[in-house]
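Both complexes below contain chain A, partnered by chain B and then by chain C.
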Partner chain A sequence: MTPLLQIDDLTIAYRLADGSGFQAIRDYSLTMAPGEIVGIVGQSGAGKSTIGKAVLGLMGENATIEAGRIRLSGHDITRARDVEAIRGRKVGYIYQNPMTALNPVLTIGEQLLESIVTHTGRRGAAARAYAVELLEQAEVPQAAERLSKYPHQLSGGLCQRIVFAIAICARPALLIADEPTTALDVTVQKAVLATLERMARKEGIGILLITHDMGVVAQMCDRVQVLRRGELVEEGATRQLLLHPAAAYTRQLMAAIPPMDRRLDRFDVIERQADSPGRERGIAYLRTARDGFAPSGSALLSVRGLSKTYPAPPRSGQDAFVALKDVSFDVRAGEVLGIVGESGSGKSTIGRCILGLQQPDAGAAITFRGRSLQPGRRDRAALARSLQCIFQDPYSSLNPRMSAAVNMTYALVAHGLVAARDARRLAGDLLEVVQLPRDAAGKMPHAFSGGERQRIGIARALAFRPELIFCDEPTSALDVTVQAEVLNLMKDLREMLGLTLVFVSHDLAVVRQMCDRVLVMSKGEIVEAGAADEVLLRPRHAYTRDLLASMPRMAET
Partner chain B sequence: MASFIIRRIGQSAVLLFIMSLLVFVGMYMVSDPVAVLAGDDFTAADREALARSLGLDRPLPLQYLAFLGNVLTGDFGQSYVYNRPVLDLIFERLPATLEMVCLAMVLGVAIGIPLGIWSGLNRRHPATRAVSFATTVGYSIPNFWQALLLILVFSVWLRWLPASGRGDTVPLLGAGWSFLTIDGLRHMLLPAANLAVAIVCMQTRLTRSGTEEVMFQDYMMFARSKGIPRWRLVNRHLLRNILIPIVTITGLELGALIAFSTVTETVFSWPGIGKLLLDSIYRSDRPVVVAYMILITVMFVAINLVVDILYALLDPRIRYS
Partner chain C sequence: MTEPQVPRFAGWRAIFRGHALPTAGLVGMGLFLALALLAPAIAPQNPYDQMQLNIMDGLLPPMTQTMDGRIAYLGTDSLGRDILSAVLYGLRISLLVAVVAVAAGITAGVLLGLVSALRGGWIDALVMRAVDLTVSFPGVLLAIMLLAIFGTGVDKVIVALAIGIWAQTARVVRAVALTEMQRDYIAAARLGGISEWRIMLHFLLPNSITPVLVLLPMAISGAIVAEATLSFLGVGVPITQPSLGLLIANGNEYLLSGKWWISMIPGLVLVAMVLCVNVVADRMRDHANPFLRAKD
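This part shows the complex of A and B:
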């Protein structure tokens, strides 16, 4: 039987701005049978997406195929001229982020119909009927009505289903799915993957699934390849590879995945560990002033009757949106309180209300060490020092025009807590505390990787010596191994400094690893609260059970 | 949308009031119509009589209130110099400017946008570098010098096009228009081209940078992966997304050109309103200047309103409430 996709000894190089070349893919080979689902896993930068784009000839203009051949059902499609004929027709592409894959200014209908008209020859009413049929296959509810909608009017899950419909409209033999569910909520992710798999199996469509998520691989793939820095590390049947990885790198990758069934002291990843005078000085700095902190176990922050309503636009006919409804909880000094829930459940809104970035509805009482946190109060500035935040997106949470050092210390200097001439040394010390080299202080944010930026973000929050840090999905934008490193760092810091953290995450396994107690949020309400072990292992509420059941898991493979 | 338009009109009324006040007070401070209009042989009594006849002997607030009252009844007053209603003067001259500017705009957009898209899509093509250089130069050439150059080449050396005047006009809607006759169009071509050079350069650069930016968006990558024809990729997916900045700048340029293409009109002796404004400022013809500025403000407000409405039509994510 002719393989569906055969890639032989592929080498792809990018020409860099300084004229040198960089081989993103080296001697890579893959053979895929028709109808097979093959996963490619690896960290970001491993070259996974480059392979997918190379098959479709969609690499950037500075990338060239230096060696190797790509054949689809026996036909050579290595050259750009040959590949154009198969795009959309023989090979469909599913883009990572469904919210950005669809053109924002064109209707769903136009974007689906243009593919149908191009590839199937159907016109007018026949094309429309087929469009509705495709949307129904992709399990889009009220399919006919969606055609006149724009992408921003639909949820991410729906957008991804529409992308599926577009990708399969010409009944291609192969789908390339590049991180198809990374941008989606866990419960949505499960359903969307199930639809994708159902469509592919029914039509006998092969899928090349590019992902960093081992859970997704376990759920979907027949075979899996592990990629590292452009080279194939290991390849095998999914179950075999996940349960008995042969390569050291694969084992390391597996060790970085937060397990659900037990709590680790630390993740087993290789780290730089060096004690230096600067690091010790930094830790000493962070420890001082802690004597005045609330005794461990006492209620540090208490939230009572917190609601937040966003009024509907006037005359829009919509109802006001209730982001939070009567939420009450305590944070005890020294604990890590997890808040879990899907996007839109109100997790981040809690943080914004606590930090004073948003005004809650009347009637809410937020007290910190017995003092009320009200906007406009004179001691707000003092309280702001005690409450800090670590943000979700390390790419946008650092000021791109300030060096790492200035990013960490400018607010400290503005508050008058540190003299400007001491700020540079403190920044160096703090960098060492978060295990970055101190001479990185002068570099600009763009020179750092995502994980390094998040370390800078952590250092910035710590610099105030706050009593409570609100961590808003601090690792959700990071690779699994980088996440493991950052989580290890946070565990270490918490142990050394006795930090009190409110840890928001949609990833239950991460919460399991990090948190003492956990609140489960759904639609602005707390549906379940308790000790993390209790709630996550023996959930009482149906929603928590749903959330747990939606997690892609390997243990079942 | 309706409430947005109504609100915008309300804001415009305030804007117009402030504008009229600024222009009125400004003109009062910088010019003395009596000094310009009076002959050398005027006695002090003659001057006083002249001031009284023009209503200039009253204190400024009263003058302004009288002016405001007249405007509200649609009367912008009489020109001191021509002794005719100001609005007649302006509307006589306006068509000349309008048609010249519109031709320039059409030329600019029709050349600039395709050129910009092409160079945005072919970033490494040698011609793109040439386009980039040419548009920088074209945008930097002083307008009057470029006008002289055009006259030298096309009127003096090649003798293809006339260098000044409007040519034959055809009456339409109570005004004379040049664009309806061949001779009129021939006269219009050079002044319009003189304005169009800067527009072409601006539109090309704007379109090119928009194209380069949009081509890297995820949705363009996804659209390419769909295997749809290239013209669809460019005309629907690309163009719709780069039009918003282009519409903004086109609107602003249109307004600016109608109001202030004085230099071009002067060099080509094109009898438009820009020349009228300049003459009126020199002669301290206060009613003309004030009425002109108010009309220009109205025009800018109208253009901006149209631009805002176009935004909402171009981008479904924009909704006014």
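This part shows the complex of A and C:
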């Protein structure tokens, strides 16, 4: 039998701006049987997406195939000129973010019909009937009504199903799915993947699934390839590879995945941790504030009746949006409080209200160590030393025009907490505390990777020696191995410095690893609260059970 | 996973390397600047000094000898003024007006745009309505109206041109600053208790200024042309400080009687200078646009 897709010794190089070359893929081979679902996993930058794009001839103009062959059902398409005949017709592509893959100014029907007319030759009523059939196949409820809707009127999960429908309209033999559920909420991820799998199995479509998520691989794939820096590390049947990984890199990748069933002291990933005078000095600096902290176990922050309503635009006829509805909770000194929920459940809004970045509705009472935090009438400089934040997106949380050192110490110097001439040394010490090299202090943010930037963000928050740090999805933008490193760092720091953390995340497994107590949020309300073990292992509320059930898990394989 | 970002303002060398025409434009800009600065030293005569003019030298074509035995390389005008000297001194006025007007306009625009983005509310509304009002007049018409109110003079022309420039700058800076305000480093700065003034100058300004730097050369060439237009129309600089535009206007009446050099030479210099600035401006705009850059 001819393989559906056969890639032999593929090498792809990118030409860089400075004229040098960079081999993104080296000697990569893949053989896929028709109807097979193959996963490619690896960290970001491993070259996963480059492979998918190479099959479709969608690589950037600065990329060239230096060696190797790509054959689709026996035909060589390595440097095919008539890529239009392949794209859409023989190979469908599913993008990471359905919201950007669909054209926002055209209706679903127009976009779907355009593909149908181009690829299948059906017209008019026949095309329309086929469109509805495709949507039904993609398990879109009320398929016929959706045709007249625009993408922004539909949820992310529905949009991705519509992308599926467009991708299979010409009955391609192969689908390339590039992180198809990364942009979606956990609660819809599982259902969307199940649809994709059913569609593929029914039609005998092979899927090349590109992902960083081992859970997704476990749920869908027949076979898995592990890619590292453009090279194939390991390949095998899913179950075999996940349960008995042979390569050290695969084992490391697996060790970085936060488990749901038990709480680890630390993740088992390789780290550089050498004690140096600078690091000790930094830790000593951070510890000096500890004596003034509230005794462990006492209520540090108390939130009562916190609501936040976004008024509807005048005369729009819409209802006001209630982001938070009467939320009350306490944070005790020395604990890690987790807040979990889907996107839009109001988790981050809680933080923004506490931190004073947003005004809560009237009637909310937020007290920190017994002192009321009056919105708008706060002593900012004093508060900065009590409450800090670690942000979600490491790419936007540092000022791109300031060096790492200045980013960390600007505010301290501005308030006169640190003399300008000592700031550079303090910055170096703090970098060593977060396990970055001392001489990184002078580099600008763009010279750092996402994980390194997040460490700088952590150092900036620590530099104030705050009692409470609000962590807003601090690892959701990071790769799983980098996430493990950053979580380890946060665990260590918490132990050393006695920090109190409020840890917001949509990832239940991460929360399980980090938190003592958990609040579960849904639609702006706390639906369940309690000890982390209790809530995550024996959930009482139906929503928490849904959330837990929808997590892709490796134990199922 | 990183979003493509507007590239940072790279060094001059990186922008111009491998681009012959823009490099020539840059050299030309430098040359015109040098000529303007050195005019008193290199001009054959001081065109403002009535004592140095000889009416008997009037309307000499280029490369003819004057009464005192010098060669008038570019000819003379009806008063016997050496065109080369007049052009060199005119260059000074043209460049002075353009550069000062652009500097003033852009500084005001950047500050108002930043304040507008940072404060929002009624301040934002007020500034933006002022912008709308300003840009709803054609630039030259606005300047003529202002000069009709203020009266003419080098300083008044500068003010009139600056008023045309600030509005566009303010709008661009506000738009960029508003997106920057959404980014977490501004929230981090606020959490650090950093004052609004410092946030504006050290956080917002350096991250919002790149599009303005790209607009800068284009604004200068625009201002040069606008000043020439105003002076040509007789509402610009006074006759005692003739700019290139006024020199063109002076020769205008002789243009049809074969005395082409009086108008044409300052005109050609003006065109050459604006061309130089424009090719440099184009290159900088292309450099700042990542979509165009991917193709070269």
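Methods note: the second predicted complex is superposed on the first by the 535 of 557 C-alpha atoms of A that agree within 3 Å, B and C clash if a C-alpha of one lies under 4 Å from a C-alpha of the other, contacts with A are read in each partner's own complex, and residues count from 1 in each chain.
Everything below uses one rule, namely that a contact is a pair of C-beta atoms (placed from the backbone, for glycine too) under 8 Å apart; a residue touches a chain by one contact, two chains touch by 3 or more.
Bear in mind that the values here come from a model prediction, so they are computed numbers and not experimental data.
In the superposition on chain A, A:Glu114 makes contact with chain B only, while chain C stays out of contact range. By the document's definition of touching, of the two partners only chain C reaches A:Asp393; chain B does not. Contacts of A:Glu61 after superposition on the shared chain: both chain B and chain C are touched.
When the two complexes are overlaid on their common chain A, residue A:Tyr150 makes contact with chain B while staying clear of chain C. By the touch criterion defined above, A:Leu16 lies against neither chain B nor chain C after alignment on the C-alpha atoms of chain A.
Once chain A of one complex is fitted onto chain A of the other, the partner contacts of A:His446 are limited to chain C, with no touch recorded for chain B.
The contact surfaces that chain B and chain C form on chain A in the two complexes overlap at residues 61.
Listing the residues of chain A that touch chain B in their complex gives 56, 58, 61, 84-89, 92-93, 95-97, 100-106, 110-111, 114-115, 118-119, 150, 152, 163, 166, 170, 313-316.
Those residues of chain B that touch chain A in the shared complex are 123-124, 217-219, 221-229, 232, 236-237, 240-241, 314-317, 321. Residues 44, 60-62, 355-357, 380-384, 387-389, 391-393, 395-402, 407, 410-412, 414-415, 446, 450, 457, 460, 464, 477 of chain A are the ones touching chain C in the complex.
On chain C, the positions that touch chain A within their shared complex are 1-3, 8, 183-185, 187-195, 198, 202-203, 206-207, 294-295.
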